[in-house]
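In order of appearance the chains are A, B, C, D, E, F and G, and numbering begins at 1 in each one.
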Amino acid sequence: MFRNQYDTDVVTWSPQGRIHQVEYAMEAVKQGSTAVALKSNTHVVLATLNRADSELTSSLQKIFKVDDHLGIAASGLISDGRSLCKFMRSECLNHRYVYESAMPVTRLVREVADNAQVCTQRSWKRPYGVGLLVAGHDKSGPRLFYCCPSGNYYEYLAHAIGGRSQAARTYLERKHEEYPDASLDGLIGHALQALDQDFKELDEASLQPYIQALRDAEGGDGGGGADGAAPMES
Amino acid sequence: MFRNQYDTDVVTWSPQGRIHQVEYAMEAVKQGSTAVALKSNTHVVLATLNRADSELTSSLQKIFKVDDHLGIAASGLISDGRSLCKFMRSECLNHRYVYESAMPVTRLVREVADNAQVCTQRSWKRPYGVGLLVAGHDKSGPRLFYCCPSGNYYEYLAHAIGGRSQAARTYLERKHEEYPDASLDGLIGHALQALDQDFKELDEASLQPYIQALRDAEGGDGGGGADGAAPMES
Amino acid sequence: MFRNQYDTDVVTWSPQGRIHQVEYAMEAVKQGSTAVALKSNTHVVLATLNRADSELTSSLQKIFKVDDHLGIAASGLISDGRSLCKFMRSECLNHRYVYESAMPVTRLVREVADNAQVCTQRSWKRPYGVGLLVAGHDKSGPRLFYCCPSGNYYEYLAHAIGGRSQAARTYLERKHEEYPDASLDGLIGHALQALDQDFKELDEASLQPYIQALRDAEGGDGGGGADGAAPMES
Amino acid sequence: MFRNQYDTDVVTWSPQGRIHQVEYAMEAVKQGSTAVALKSNTHVVLATLNRADSELTSSLQKIFKVDDHLGIAASGLISDGRSLCKFMRSECLNHRYVYESAMPVTRLVREVADNAQVCTQRSWKRPYGVGLLVAGHDKSGPRLFYCCPSGNYYEYLAHAIGGRSQAARTYLERKHEEYPDASLDGLIGHALQALDQDFKELDEASLQPYIQALRDAEGGDGGGGADGAAPMES
Amino acid sequence: MFRNQYDTDVVTWSPQGRIHQVEYAMEAVKQGSTAVALKSNTHVVLATLNRADSELTSSLQKIFKVDDHLGIAASGLISDGRSLCKFMRSECLNHRYVYESAMPVTRLVREVADNAQVCTQRSWKRPYGVGLLVAGHDKSGPRLFYCCPSGNYYEYLAHAIGGRSQAARTYLERKHEEYPDASLDGLIGHALQALDQDFKELDEASLQPYIQALRDAEGGDGGGGADGAAPMES
Amino acid sequence: MFRNQYDTDVVTWSPQGRIHQVEYAMEAVKQGSTAVALKSNTHVVLATLNRADSELTSSLQKIFKVDDHLGIAASGLISDGRSLCKFMRSECLNHRYVYESAMPVTRLVREVADNAQVCTQRSWKRPYGVGLLVAGHDKSGPRLFYCCPSGNYYEYLAHAIGGRSQAARTYLERKHEEYPDASLDGLIGHALQALDQDFKELDEASLQPYIQALRDAEGGDGGGGADGAAPMES
Amino acid sequence: MFRNQYDTDVVTWSPQGRIHQVEYAMEAVKQGSTAVALKSNTHVVLATLNRADSELTSSLQKIFKVDDHLGIAASGLISDGRSLCKFMRSECLNHRYVYESAMPVTRLVREVADNAQVCTQRSWKRPYGVGLLVAGHDKSGPRLFYCCPSGNYYEYLAHAIGGRSQAARTYLERKHEEYPDASLDGLIGHALQALDQDFKELDEASLQPYIQALRDAEGGDGGGGADGAAPMES
């Protein structure tokens, strides 16, 4: 097949004008576990599905706090995600140092995307294999972006990425009219429900304990339970 | 086929004196969605077709403001386009700092093209996979250029690039005598009509709401609706 | 098979979104001998299975003291592990010099993982072929992490890595409820039992001499006998 | 065929002592459109065949002014030509700054050729794919050189390069005795006739409007009409 | 065979988690001539089998004095060994300059092993093809280490490496209980006997002249006779 | 054929201990046109066969003046030769600046050869494809050297290189006893005769005009006529 | 054959633990002409077989004076040898500058060998293709070494390298008891006889003229006649 000829190298175009290695890297996001994000007029919530292999281990941390006003949820190659997170933290720190203010969400998202783009144009690198849901707030309220391995980014009201995220996305679309005016608890409930689409419908009652646990842990980095949801107040 | 032998590397000439990788990168522009640009004696308008995947997401931004007198519309690998946009903004800023005036459109276009040329002559890079419609104005009035992945650029009265741009180009050529003296609203109307060739002929009335919306958003960066048109006054 | 096409290079994605070279490097950990770690509320114990080839030789050192509050046990390519150990010692030293305090375990683990991640994204390097069990204590008590060649890390209550570690893991899971309140001697006993799953059940009496020997050697670097167990008091 | 074995790399000699990649790059010049240059005792004229794709676009600029006394016409990969032009402009500027005089044509031509030679001896570059007709004047009068992708250069009385240049060269040779004493208008006429060999014989009358147009535009950079001819007075 | 696919490159893992190039480099040690080392409570002795090709030549030097308290015997690619020896000398010198004391044997051995490890993780290098027996003494008495091309090192009471070293190792193990209390002459005798296993049993008398010769040459660098044995007093 | 396996790379030895790429580069010299050099006790003369493609062009310059006392004639890839010439000029200039005297011919020749040698030992370069006849004079009188792409150089009384140089060499050897005491005109005559061996025997009379022309042009750089001969007085 | 798989690259080990490229480079020495060296108690003599291609040329210089007390004879790729010679001269010069004394022969030989070793461990270089006979004297009298492309070196009483050196070595071994007390003339005679083994036995009388010629040229660099022998007095 000619396909194989052009797909081993990120600096090689296929005759159809595609860079297969970038497309393959986007597949890596689908290999990750589901991550969900949605926002109301006042809050934005990140949630990931963290399954621990055994009772002896914590699960892999997939939600990272970048700055006081900004957090990310990663799906795919989490070590790549952590590397990008480190870059974001450093950018935010520098911004605070130079301008004495929080880095605007859009600017940071653009920096991350530019960083990812560079990895798609150097022969000795590879595209990042991680998708990032970036949640933050700035003067226009809560913001939610998705940064893709290709170096593109999109703004979302609600989004789900990772393996089996189709069901979550369907849930999010079906209920999206309820989000803008939802309370924080409501948002978290929706996030948990979206994550849970693979399993069963949770009723309000069964969600309550999780929400309560998160309430208590608020301010932490959300990587403790089977599901991690990091609410960010705007 | 011998063809495959010479087309995996940007620093390899084919026996016919062609660099296939550059040609493949130009195919990437055709993979993008349609972008349209046209100018009158006083204005130049950029418009792109932005389809959002769902109700929950904004579409990918494809029109970027570079400086007060200059904007671009990209088709193809938008992350490559954003990377070039970043370069252009930095060039404009430097020019303003050094010369205390806006960077001439032609000079900036040349810088971008030189930048693209370098990527066609280094083994560890790849040609950019994006076509840019650059609109700006200088003392000779509104200018419109097309920057190609090969490192060439062309001046246009009106042009359309990206997938299915053939219909748009046909429309633009058929009506081009009307552009020089068209009003801004007229230009926008033509741009929207050109973009819309794949679908159906819009009558003046159905265009009105879009134009009105744009009027209201004038000064913004044009990435809001399903179609974005960024008028630049000369 | 297409499989071979994408698995000779760490900067090449397979069409399924996997980096085979990273997966192969994780196989290297399974080639190493078993390493076991578990923690109580007050102590964390590292133990490795060290077989000497003959009476004339000491076995390869697999447990390294990094700082006063931190030690690692490696399984896989021990020379890679030593290289990472050197890096960790230097980081701890710098931290003590700059902040006049011990480096937090989580921060160091993150540095190691970031270091490993870089090796998975440069064409002229290869992923580390070693798994590290990192044991330390900070203000929240004893901590235990596993750093994987992929650049991921996980927190554990008890874990076993390396060849034939399955039996050890089964043992550790079966008994894990006893650990939190176990004494140091008890922990060491469990560690030795876990290591010994391939052979036979040791009764308390036959363990006693080893524990006694370790007691005597406490403070040393644990690489003397057939089994090395480095207890770290919190 | 063994031929393919030695022709994918600019740092590989074929057993016959040839560098095929350089030869292939020279083919690129033949892919370009025709460029013509000729000189009298007082003037040297550059002309290129510029076909615009449609009424909406200007054609690609192929004649560049380098300095007050020097211009070039390119055929082949025009973006490569522009890159060399940029280099030439910078060299001329430096010369003026250091020596307060115009850079001698021969020295500049040598610099360009040396630049091209380097690209034929580095594995991570490729030979330039453009032929340059360099026209200038120095104290010995008007000069005309051809710079080849191989890094060689030749002085000419009159030359034509690019696709279908054979007919133009035949015309130039047949009439070359008339050039030394020709007037500027005469030279331009010959240039236009040479360019036009592919089509039909132009009579003096039909040439007049083009010449007149050029007269008017004299001092400009000659990229306006369907044919561009840049006369340089010595 | 798939085996060949993963074994031409030191930065490529095989699917089984092995780096074949490192294993091949270890084969190089077996291509060298036998080197033997053993220690008593007070001395450590290095001996190599040096066969001269003719009466006109000295044999290749395989035992190197690194510092007053430290020497090495190499087997395999002796030029690689000399390169490492140079590195060790420089390290010892620096240590003496900075700390005004002899470099501890273990620290130097670790530096050498780290150096070797780096060569197993860079695509533009190759693993060293030499095994080093490092003999020295520090405050705990005589020490003996073996540094392997893989970057691992082991402490030994007595060891033999190189081609046909199996017979020597068998001899060393059979007699190892005699070493701790052996005199220097006794140790040398054992070393020569071990080296000689390939040929015949030497009786005490026939060893005497060699020992006497070494006695006389003590302090030299031991590369003179057919067998070189460098005793190091602790 | 195994031959092909070792001949695409300048850093690869063939099993026979040859570097085929260097041999191929020497073939390039044979692709060039003939260059001839010979010396008497007082003069050394360089001559090359320059055929112009048409009446409109000068031929490629193949004889270069390096310094007042030194010139070269190149055969093969003339652009490579020009690059070496530039290097030689710079060396001579530096020598004059530092030592206030002409650079000795032998030292310069050695520098050139060392430069060529480097190109035979780096994977990202290729051997120069040009042979240089270096003529100069120092205190021992006129000197004549041949610098080969392999990095070797030879001193000659008379030599001819390039395509069809065999006939010229035969002529030079047959008449070599006449050279030491020949006049400048006589040397030039011999040079022209040697160049002309492919065609016919020239009689003294028919040579006269060329010699006269050269006489007139003496001091120039000898690239004017169909044959260029640069006499250097010692 | 698997052989071909591992022998195109100097950083690739064969499964047998060999680096074929280094072995191939040693073949290059056998491609050179014979070089002979032998020493008495007071002198060391270098001689090479220099055949000139014709009466018009000097032969390639193969014996180089490095410093007043040191000279080398090369066989194989002479341009590589010259490059090493340049390195040796620079080392000797530096030594004289820093220590105000001649560089010890053994130290210089070690530097050369280390230099050669580096070329066997970098992917972008190749092993030197030249064998060097290094003759010098220090306080222990005349010294003679052979430096091999592999980075090894050997001390010799007398040695011959290059093509057809077997006969010379046989001669040298047969007569080696005569060397220690031989006069300079005697040594030179032996050297010439050894070189001449391929042809016929020379009697004392026929050698006399050569020796006389050398006597006269003593102090020169020995590259004049058909055979060059450079005596070095200790």
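Rule of thumb we're sticking to: a residue touches a chain if its C-beta (ideal position, glycine included) is under 8 Å from a C-beta of that chain, and two chains touch if they have at least 3 such contacts.
Here the structure is a predicted model, which is why all the values come from computation and not from measurement.
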Shared interface partners, meaning chains that touch subunit C and subunit D: none
Superimpose the Cα trace of subunit E on the Cα trace of subunit G, which carries the same sequence, then give the rotation angle to the nearest 5°. 50
Distance between subunit C and subunit E based on Cα centroids, please, to the nearest Å. 30
Here the gap between subunit B and subunit E, centre to centre from mean Cα coordinates and rounded to Å, is 68
Distance in whole angstrom between the CA centres of subunit E and subunit F is 55
Residues of subunit F that touch two or more other chains: which are they? 9-10, 123-124
Touch-based graph of the chains, sorted into line, ring, star, complete or other: ring
Successive chains along the ring, subunit B then subunit D then the rest: B, D, F, G, E, C, A
Okay, in this complex, where on subunit F does subunit D touch? 4, 7-10, 20-21, 24-31, 54-60, 76-80, 82-83, 86, 119, 123-127, 129
Which subunit E residues qualify as touching subunit C in the complex? 2, 5-6, 9-19, 110, 113-114, 116-118, 120-124, 146, 150-152, 154-159, 169, 172-173, 176
